[in-house]
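Look at the two complexes coming up: chain A is in both, with chain B in one and chain C in the other.
Moving on to the complex of A and B:
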């Protein structure tokens, strides 16, 4: 009897401790999400604020009949694949290089990880000026080194523009993987390497049989997170090109922002948002299925 | 002990005094949409003057970044956030009024003697929604030709071009990519509607002054062969006289290129003078009327921004006091000189020679010849307008990049407005 009262008190205590957090999350996350989903099926524009109608799938029909949507969708695939692949490989390499202590490692790490601390949008604007075809510092340096005679149209040639925004995103995202993987690497006990050495393992064998299996949970979870973040990361593109020229650097997220800014059609933008959420949910479920929670916990 | 009591008593008196002062002070919340550091400084100076005349009034100026300013305005108005004075530009006026949160200013205007001093046609231009005025303009904008005499002199060009053909030929003469010298300060992004339309429509002599996209016979002009010629010229300006990078140029990049001398011919609004005056020496730039096309005409448009009052404001009378104060000759002249807009009051043009000479010469000449320089309105009240400017920019960029032909471009535009006008 006494035990059940204590148990009830504990349950009450836990409930009231969690209550404020759940309330805030519900107000700030779940309510806007549900409202956003409903918005996608309404006609909510600047011109219809006073007479909002339910329009069913009309917003989705409009989006699917817009060729620019499919350009943005295809760009999103490339944007994620190339950005995450290069960020991961280069971040991994950087983490391996910084694993062993050397003089000034802390300062070096600070410099390398610095971009991660800055606003993506501000960096986008900064890079748009660095890569400016007329007045850009990078073109200026290349010309002074006599490597080129005319400025390269980094951001005005659609092909170069897309490569440029991806390159900047790779540069920006390397520290994330480097930090996460470095932390995981530093947690590997030396005894494992020593045991592997006794068994006659070389560097390559140690990497594949000790390092990689040990950090696998970190790699799996960071890749999952990073794909979601990169898909929802319009900052750099918006700062550099706003999705242009002619929509050639649009990803779904910038396509959605442009609908809000230039068309003031909040319902259509919500419909794009819903499509993004659907894609990410499908991706997360598939990804988690192939990399089961058992494997995530397995060391 | 006595000292302690005295200190506590003094603090209480000061606190009570401060509280009573605060209780009597009325705070007006005011939002601007064309934010820039220079403009914010000018507005703050005017606000200080107003506050000096009204000691119990404090104005809290909200200055959101230009790019997201209207989102802020929409959000504040639709959620009834404390706001007493709101700035709205012509292109967004219909959308903001449609929120149903703006005060109809007609009863205020009826009792305002200063209304008679507004330049002719301005109130008519402001009455976009249902023939009612919801803002009082604080500045007028219209494109003119800016040019750099110092750069042009090096190429033997001593007079600004009077026609589009002359402008194109001058630009061709100057352009030398190996020396990073170009002619035309092209605008590829940042909603280049005015730039495209000024050049294209200059080939037509029968544009409806009440609708930039219709002819006087009521038809759309997009499939007219003359318009196609105008668009060809626009494309040639980009291909042959402007840097390839200018497809990405908005206002900032245009001003940079003009100041650097890379492109000495620029179409811009009078607010550019405020910036140029701080970046170039006197005489380094001048303005001239927009060049006319083969039609002998050119069709600029009036742009304007202005102050309005939310209908839920608790201080409407004070807000109106501020708007009237802003529209007095002295303040209007100060604002326009510092910021660079054209004044909204007749008396400012008559009494202040600054606005009819020097860098304002281009506009003076344009205003004096309405047959040649036909000021034309955009269909701002059409719900399609908010989509049009970005759509026009994106499709134009596709044509500039050679992804679509001019014929495909004009078909897209024709279909857009045919549907929008319900034709």
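Moving on to the complex of A and C:
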């Protein structure tokens, strides 16, 4: 009798300690997710909110007949592929450079890592000033180096704008990979290198036979998770171009946000959101399948 | 061999410098723009060293542009939300680290999934919910939304550092006659202060930077947060770059300060795999 009372007390204790966190997550993450999926099949705009109707796939038909959607979809692929690839390579290089201690390394890390914590939106605006066609620092430097003769309007020219937002996103994401890979590098036991040295391995051989295999699991999972994060990172684009000119720098995320802000068509935006969620889910399932078999050592 | 070593040292220094320049120059340039006089901002050829430092842009920003109000709004929203998320996550993170119970695995998975769903995908249904409550243009609505943004990763982080503190330390305090709650307060919480600081800082940075929900929720001038205000600067015809630069500096400063103090802890939390970013 006494024991069951203690058990009940413990159950109550656990319940109430968990209550605030999970209530808020349920009400503000999971309920809106379901609600958003339903909205995608309705006709909710600022004008119809009194009388919302079920419209089936109509929102999707509208989206699929919009050429800008396919630009955004295709851009999303390039946005992810190029951003993640260059963030990774340049971040890896930075981590390797920072691996051995040097004087002032702590301060150095504090400075080169700072963009990672700052607002992508604010930094996007900042870079749009640096890339300004007339008064921009980047144009001035390029002209001083005699690489170009006239200022380039990086962000109002569709053929440069998309490359520019990707370049800034690469700049922004380098610290993230550097931090993750540096931590992985520092976890490699020194004894592995000593053993390799005894076997007569040079520095190149040590890199490929000790360093890479050891950090591979961290690197793979970081890369795969980063894809999701970059796909859902409209902040820099929003600061630089808002998806323009003429939709040339839209990714799916900015495409959806622009529908919310400028068309106030919440159902159409929700339909884009559902497409994004479907892509995320498909990717996440593939990722989980891949990592679990990876951990089991099948790959 | 020695020469080879020297070359590699020089190369290393060279590449480290390039990264450093790439990190510093953009921020330095925007600072420089913010203290130039308007005609030097739009001078051609561009001015690298302003003749005199002018704080006109900052005066305009805080005077005419009402930026002090936006700054206060942002501070209120971010600090309140981070504090609440931190408190909630200490409670739930502790339970997740110390107790076994039914549905635990399920709850952990819901947290991991929740932190993968980006805020901009949730903002429309959240907007309809808060407009039904008459809470549009209300900073408390943003606080609640931001607690949700921070709660899931904070709980995952809290669970991580609580589970690294040996249970035996609490039990030792309890043998000395302290209650369980007393042991948590006297032993576990003090030991996890760095982790708690990381949770708070990380939540602060994330909520301070949040733009998309805030733009949708706030449309009266006096309720704007800093990112919403910056966004409204863009929308107006032609950006005044000296004022915008000052605004950017003011927007970035709090997160730079937080990052300077908490970087070590944030990075530790990040690399332990707890945080999404």
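The rule we apply is simple: the second predicted complex is superposed on the first by the 259 of 299 C-alpha atoms of A that agree within 3 Å, B and C clash if a C-alpha of one lies under 4 Å from a C-alpha of the other, contacts with A are read in each partner's own complex, and residues count from 1 in each chain.
Throughout what follows, a residue touches a chain if its C-beta (ideal position, glycine included) is under 8 Å from a C-beta of that chain, and two chains touch if they have at least 3 such contacts.
Given the structure is predicted, the values throughout are model-derived calculations rather than measurements.
Aligning the shared chain A places chain B and chain C in steric conflict. In the overlay built on the shared chain, the residue A:150 is in contact with chain B alone; chain C does not reach it. Looking at the shared chain after the overlay, A:207 reaches neither chain B nor chain C.
Contact with both chain B and chain C is seen for A:260 once the two complexes are overlaid on the shared chain.
In the superposed three-chain model, the partner touching more residues of chain A is C, compared with the other of chain B and chain C. When both complexes are overlaid on chain A, the residue A:47 reaches chain B alone and has no touch with chain C. Residue contacts after overlaying the shared chain place A:133 against chain B, while chain C stays out of touching range. Applying the stated contact rule after C-alpha superposition, one finds that A:176 touches chain C and leaves chain B untouched.
Touch criterion not met for A:57: it reaches neither chain B nor chain C. Once the two complexes are laid over each other on the shared chain, residue contacts for A:244 go to chain B alone; chain C is not touched. In the three-chain model built by superposing on chain A, chain C overlaps with chain B at stretch 63-71, while the rest of 63-71, 117-125, 351-359 or 387-395 show no clash.
The intersection of chain A residues touching chain B with those touching chain C, taken from the two complexes, comprises 49, 132, 134-135, 242, 260-261. Residue ranges of chain B in contact with chain A, taken from their complex: 67-68, 70-71, 74, 78, 94-96, 98-100, 177-178, 180, 188-189, 191, 243-248, 253, 256-257, 260, 262, 383, 386-387, 389-390, 394-395, 397-398, 400-401, 403. Within the complex, the chain C residues that touch chain A are 12, 15-16, 19-20, 22-27, 29-30, 33, 41-46, 87-89, 91-92, 94-96, 99, 101, 107, 110-111, 114, 116-118, 120-129, 144-145, 147-148, 151-152, 155, 205, 208-209, 211-212, 215-216, 227, 230-231, 234, 241, 244-245, 248, 251-252, 255-256, 258-260, 263, 266-267, 270-271, 276-277.
Note for the complex: chain A touches chain B at residues 45-50, 68, 132-135, 149-151, 153, 155-158, 241-242, 244-247, 258, 260-265. Chain A contributes residues 10-11, 14, 17-18, 20-22, 24-25, 27-33, 35-36, 39, 44, 49, 93-94, 97-98, 108-123, 125-127, 129-130, 132, 134-137, 140, 171, 174, 176, 179-180, 183-184, 225, 228-229, 232, 234-235, 238, 242, 253, 256-257, 260-261, 266, 269-270, 273, 276-277, 280, 284 to its touches with chain C in the complex.
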